[in-house]
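Heads up, the next two complexes both have subunit A, just with different partners, subunit B and then subunit C.
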Partner chain A sequence: MSTTGYDATGVTLKATAYGVVAFLVLGNLVPFLFILSVSFMPPSEFFTDPHLVPYEPTLEAWTSGFEELRGNLVNSFLIGAGTALLALAITIPGAYAFARKEFYGKTAGFYAIISAMMFPYILLVIPIMDLWTALGVYNTIFGMILAYQVFVTPFSIWILRDFFENLPTDIEEAAQVYGCTQFTAFVRVILPLAAPGIVAVGFLAFLTGWNDFLFANLLTTGTGPVPAVPVLYGTIGGGSGERVYWGKLMAETLIIGTPPTIIYLVARNYLESAFSV
Partner chain B sequence: MSREPMKQTEDTSSDTQPKRSEASSGNQNAVDASVSGNRIRLDGVRKTFNEGSVVACDDVNIEIDEGEFVVLVGPSGCGKTTTLRCIAGLEEPDRGSITVDGEDITGLKSKDRNLAFVFQSIALFPHMSVRKNIRFGLDMNTDLSSEEKRRRVEDVAETLGLSEALDRKPSALSGGQQQRVSLGRAMVMEPAAFLLDEPFSALDANLRDHMRVEVKKIQRELHTAMIFVTHDQEEAMTLGDKIVVMNNGYVQQIGTPYEIYNEPANRFVAGFIGSPSPNLVECTVERTADGIALASDFYTIPATETQAERLESLVGETVIYGIRPEYLDLQIDRGAFVADLDVVEPLGDRDAVHLSAGGTDLSAVTPQGEIARDTDRVHVDIQTEEAWLFEEDGTRIV
Partner chain C sequence: MSTRRLFDIDGRTERYRSILRENWFTYLLIMPVLLFLIVLMWLPFLQGIYMSFNEWPFGGDPTWIGAANYEFLLNWEPFYTSLKATAIFSLTTVFQLGVALAAALAVRELRRGKSFVSAAFLLSYTMPPLVIGTIWAYLLEPDFGPVFGYLTELNVLEETIYWGSSGPMSLAVVMFVTTWTFWPFMFLIISASLESIPEELYESARMYGAGPVQTFLRVTLPQLKSAILVALSIRIIWNMTKISQVLQLTNGGPGYDTSILAVLLYQFAYERGQMGISYAIGIILLVMTLGFVFVFIREFERASEGAGA
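Let's turn to the complex of A and B:
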């Protein structure tokens, strides 16, 4: 297309492509800019005419928002990290078994696990609350971590199984010929090669634990380890119809969004190779 | 007949051959190769897949002497790779045993066998540098000092011309270099034997010839047994001290390249080895005024005295007459029978001449340019004393 110079079709196609891209980018960017702008406005300003650059910028929303969220962010982090670690501990061996081992009911078992993803999670809330209370993990960080495995493990097993399946068996056998047991071959050769998949799965699991609202709200009480997201719901007034401090809400949204963004940037190279297969 | 080279006895296993005493000093859990030569022996090895429904190889008996270059050759699916994988411990045979110097290694893990395997797919560890790839086995399986490991890796890299590439990743190397790294990874272990599974099939023809010579040289220098799997009969002939021809999971013949070429044990071996392929013609054994003869669609071939003796009892039956293309003499003016010339295929110093006579395709080999390409008909003589005779089921008669 680029070599043809000024042909009309080429130019139109290109213009359309850029137009679509610009529309999508603006669709994301404009709300984001408003969030950013409102988070620096004092309450007197965001109830007046909409404008992008604050007249009297203030950090008030950010400091009070951060103050309110501090403990909850720690909870969120523990829950997200715990969800990711537990999910990896369960799904790495699980996915490897589905990829490489032969056992009775392998196919049926795999689809049973995948079909768990189709189940509407909200229906699980009641039984999980009941069960967690009985087990004594209701309103604990561990209880949350455990509950998220219901969503996280199926897709993790799915992604990792494909990853392990695509690694050549020869490499594993080479490791075994040159001194590894099946287990050390796995650790020395398979795990490093599957790193992109493992990072991707860990990241998605962390995001699930970090961003979830439903279980976070229902499996904790005000006195328990409430993660950050339900606090946003409090800031918005909990649906009570009271006046909403939009500045603080926006600042809190951005605060909550920052850690996953940083993790994404750090893990970006891995993630890209994981999803480009 | 096919078991001919199996005559060695077990008694050499107690001989002391101190050549390799240093080689396995760090290999405390590997089969101790320092006491005697490395004689590998397969006894009645059978391996099946899918719960016995697919027999990959059966009743495989091979003996490999120290320093011997053995080539397993056969068409794809003949069980040669499975046999090699059984030796390496990558497959567990259903039956039979594999011994190294009388010590049974059949149940050992592959890491404890002191055998090095070179994969068809090369199978380097992509996340490690060349140096780490070569060192891998030493790191995992020995407790040599790091100085000693470094020395061995650098020696091997030197031999293989990889010194410059040691700190690169395998993906930065060419196919030939990668296969060299994979050889280096094997050599550095100083194993009892090298097992190579079609190691050059991923390389282009020139490089393949070059690597063949290199491998043969290395094998001569190290004087370590090498078991080489290939489907290419030419590669087998050029490399092997001993060739094991396999088909359908069974060993068809074991012998030197000359034995295999000159005296095939059965029709399969005759047809598989040699290029262009030998002529294999169905004939009926007949008694004529001059003695026994073999009647084919195009010519009645007189039997030689030795052939006649064995054919006496087979009069009236169908046999397969086998003759290599080089034993058909082509002349323009006179000969035993006449054939139409289809194609002349130049092979370099020789030409392959494809003929048809009475509906049967034949091929002959002549010196370059002896038969002009536009010739229509030629006269053919058969050097009958060079022919083989097989029963209809392929068993060699004479």
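Let's turn to the complex of A and C:
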């Protein structure tokens, strides 16, 4: 009797689980499906009653949206890639030291870096605007890449340290026995083994540079290398009062939103292993 | 006594010197990160603290005015509206946790399709928050957005709701969109931690006759505690400082009803060019979030110890 009772709860549990999953998957996908369909509608159509399949699909929103954003997308890409490269260059050595060396001040140093993740970044924007103007990197791609290091370095150190830590302990020594120096052991043995972590960090850093709005909006002006995200904000935000061509706007959201999604799907396995706290 | 202390100091510097000599290469390795964080974070932050005691127009020269910026804020009615909005808005973190926990537990029960499901979940998190905000700004547009379009067509609502003119409704919309956008982050962390709970724990719970609720409360939840607290403390701070969606959905309005502190900060800096007041708001925000940093570090330490053992 107790077993049937158990089964009943088991079945209810399963049903609830599937229900929750179905609800959330639909809740996530339906809005995107809708946006996708709207992006193919001609302007006249979305002022009529809502409908999911466009009556007269057109590519106009996509082509004009892409036309408008082309230069900004290039900026976004350069900023993202630069952020990733610089972040890797400065955090790989540091993460390696934190993972595999013993030294005075190790714990304190590690938490000083990690807790930067908890810093309300918006507090930095204002002084950085001031400082960047003084240094002459305000409104440049390099200035943006530099500024994003604040977001990126703490979690890069965190993820990479865990990767380096989990490698077998004697591996460098073994390499040195075979004639490597400390440095070549690091380059030839440790780096390739930590490649998944490095890839994950690189992608996350790229996404940070690509996705951010705050620095992107405040550290550039109309004349400078504006990335794609603030352009989108400019079209809708600030209550410009102009009539918005929603179809084009939705095409633009998908144009900007697709690269990060593709990157995510490609790098998924790396990223998921990186997130196990 | 004094000579002894002197002697001690000598011994200490000697020790530091030998530490440096032995480990100079290690210190060289961590130098770039430290340098970057000092230049990019701590120096601007210190300058900001100084800024908050000045009248500081954007690009202009500062004038020292002591605590006048803080006094201004404390005597300024909208500041309290903003504090209230911030407190209510921070509940979005709890909603995110609820959805993420339910999702992680449910996905665990799935036999197949796990990978498709979690990919679908993460869609909203991988795109720029501003993109998601734009999408919802359209979907929830009162006049021709599809959400209210369908609701009125299906006679659920008699007529569309102009939520932008009501403070509580605007806040609800902003919180909904924020939750929708960011819950997958918590889902990632919680489901990673869920996967790492050893199966034996569940087996013994079953052997002792624990029901599903008991198993959840006594086995799953304690094992997830650190992951949940790490995710919560990160998320609560990030939620309070991400402003793009609030700006594009309501621009802080109507009045100041959805101007959470971060938005107020942004408006003072960007629209009014009063950097001093803006930074004073920032300092208040920082003080409010400081406690979570300690929770984060403690639980982080606990989690990494657990992983190491």
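Quick note on the criterion: the second predicted complex is superposed on the first by the 256 of 277 C-alpha atoms of A that agree within 3 Å, B and C clash if a C-alpha of one lies under 4 Å from a C-alpha of the other, contacts with A are read in each partner's own complex, and residues count from 1 in each chain.
Rule of thumb we're sticking to: contacts are C-beta pairs under 8 Å (C-beta built on N, C-alpha and C of every residue); 3 or more make two chains touch, one makes a residue touch a chain.
As the structure is a computational prediction, the values presented were derived from the model and not from experiment.
Chemist: Under the superposition described at the top, does placing subunit B and subunit C together on subunit A give a clash or a fit?
Modeler: fit
Chemist: Touching A:55, do we find subunit B (first), subunit C (second), both, or neither?
Modeler: Once the two structures are laid over each other on A, A:55 reaches no partner at all.
Chemist: With both complexes superposed on chain A, which partner does A:181 reach: first (subunit B), second (subunit C), both or neither?
Modeler: In the superposition, A:181 contacts subunit B only.
Chemist: Is the number of subunit A residues in contact higher for subunit B or for subunit C?
Modeler: C
Chemist: Determine, under the contact definition given at the top, whether A:103 touches first (subunit B), second (subunit C), both, or neither.
Modeler: Second partner only.
Chemist: What is the C-alpha-centre angle with subunit A at the apex and subunit B, subunit C at the ends, nearest 10 degrees?
Modeler: 90
Chemist: After superposition on the shared chain, which partner residues are touched by A:29: those of subunit B (first), subunit C (second), both, or neither?
Modeler: second
Chemist: Once you lay one complex on the other using chain A, what is the shortest C-alpha distance from subunit B to subunit C, in Å?
Modeler: 10
Chemist: If I apply the document's touch criterion, which positions on subunit A are contacted by subunit B in one structure and by subunit C in the other?
Modeler: In the superposed arrangement, which is not itself an observed complex, subunit A uses no residue for both subunit B and subunit C.
Chemist: Residues of subunit A touching subunit B in their complex?
Modeler: Those in contact with subunit B are residues 168, 170-171, 173-181, 184, 188-189, 192-193.
Chemist: List the residues on subunit B that touch subunit A in their complex, please.
Modeler: Contact set of subunit B toward subunit A: 88-90, 109-111, 115-117, 119-121, 123-127, 136-137, 139-142, 185, 189.
Chemist: Flag every residue of subunit A that touches subunit C in the complex, lowest number first.
Modeler: Listed in rising order, the residues are 9-10, 13-14, 16-18, 20-21, 24-25, 27-29, 31-32, 34-35, 38, 46-47, 49-50, 89-91, 93-94, 96-98, 101, 103-104, 109, 111-131, 133, 146-147, 149-150, 153-154, 157, 182, 207, 210-214, 218, 229, 232-233, 236-239, 246, 249-250, 253, 256-257, 260-261, 263-265, 268, 271-272, 275-277.
Chemist: Which part of subunit C faces subunit A closely enough to touch in the complex?
Modeler: Residues in contact with subunit A: 16, 19, 23, 25-34, 36-37, 40-41, 43-45, 47-48, 51, 58-59, 99, 102-103, 105-110, 117, 119-124, 126-132, 134-139, 141, 144, 146, 149-150, 153, 180, 188-189, 192-193, 195-196, 211-212, 226-227, 230-231, 233-234, 237, 240-244, 247-248, 251, 262, 265-266, 269-270, 275, 278-279, 282-283, 285-286, 289, 292-293, 296-297, 300, 303, 307.
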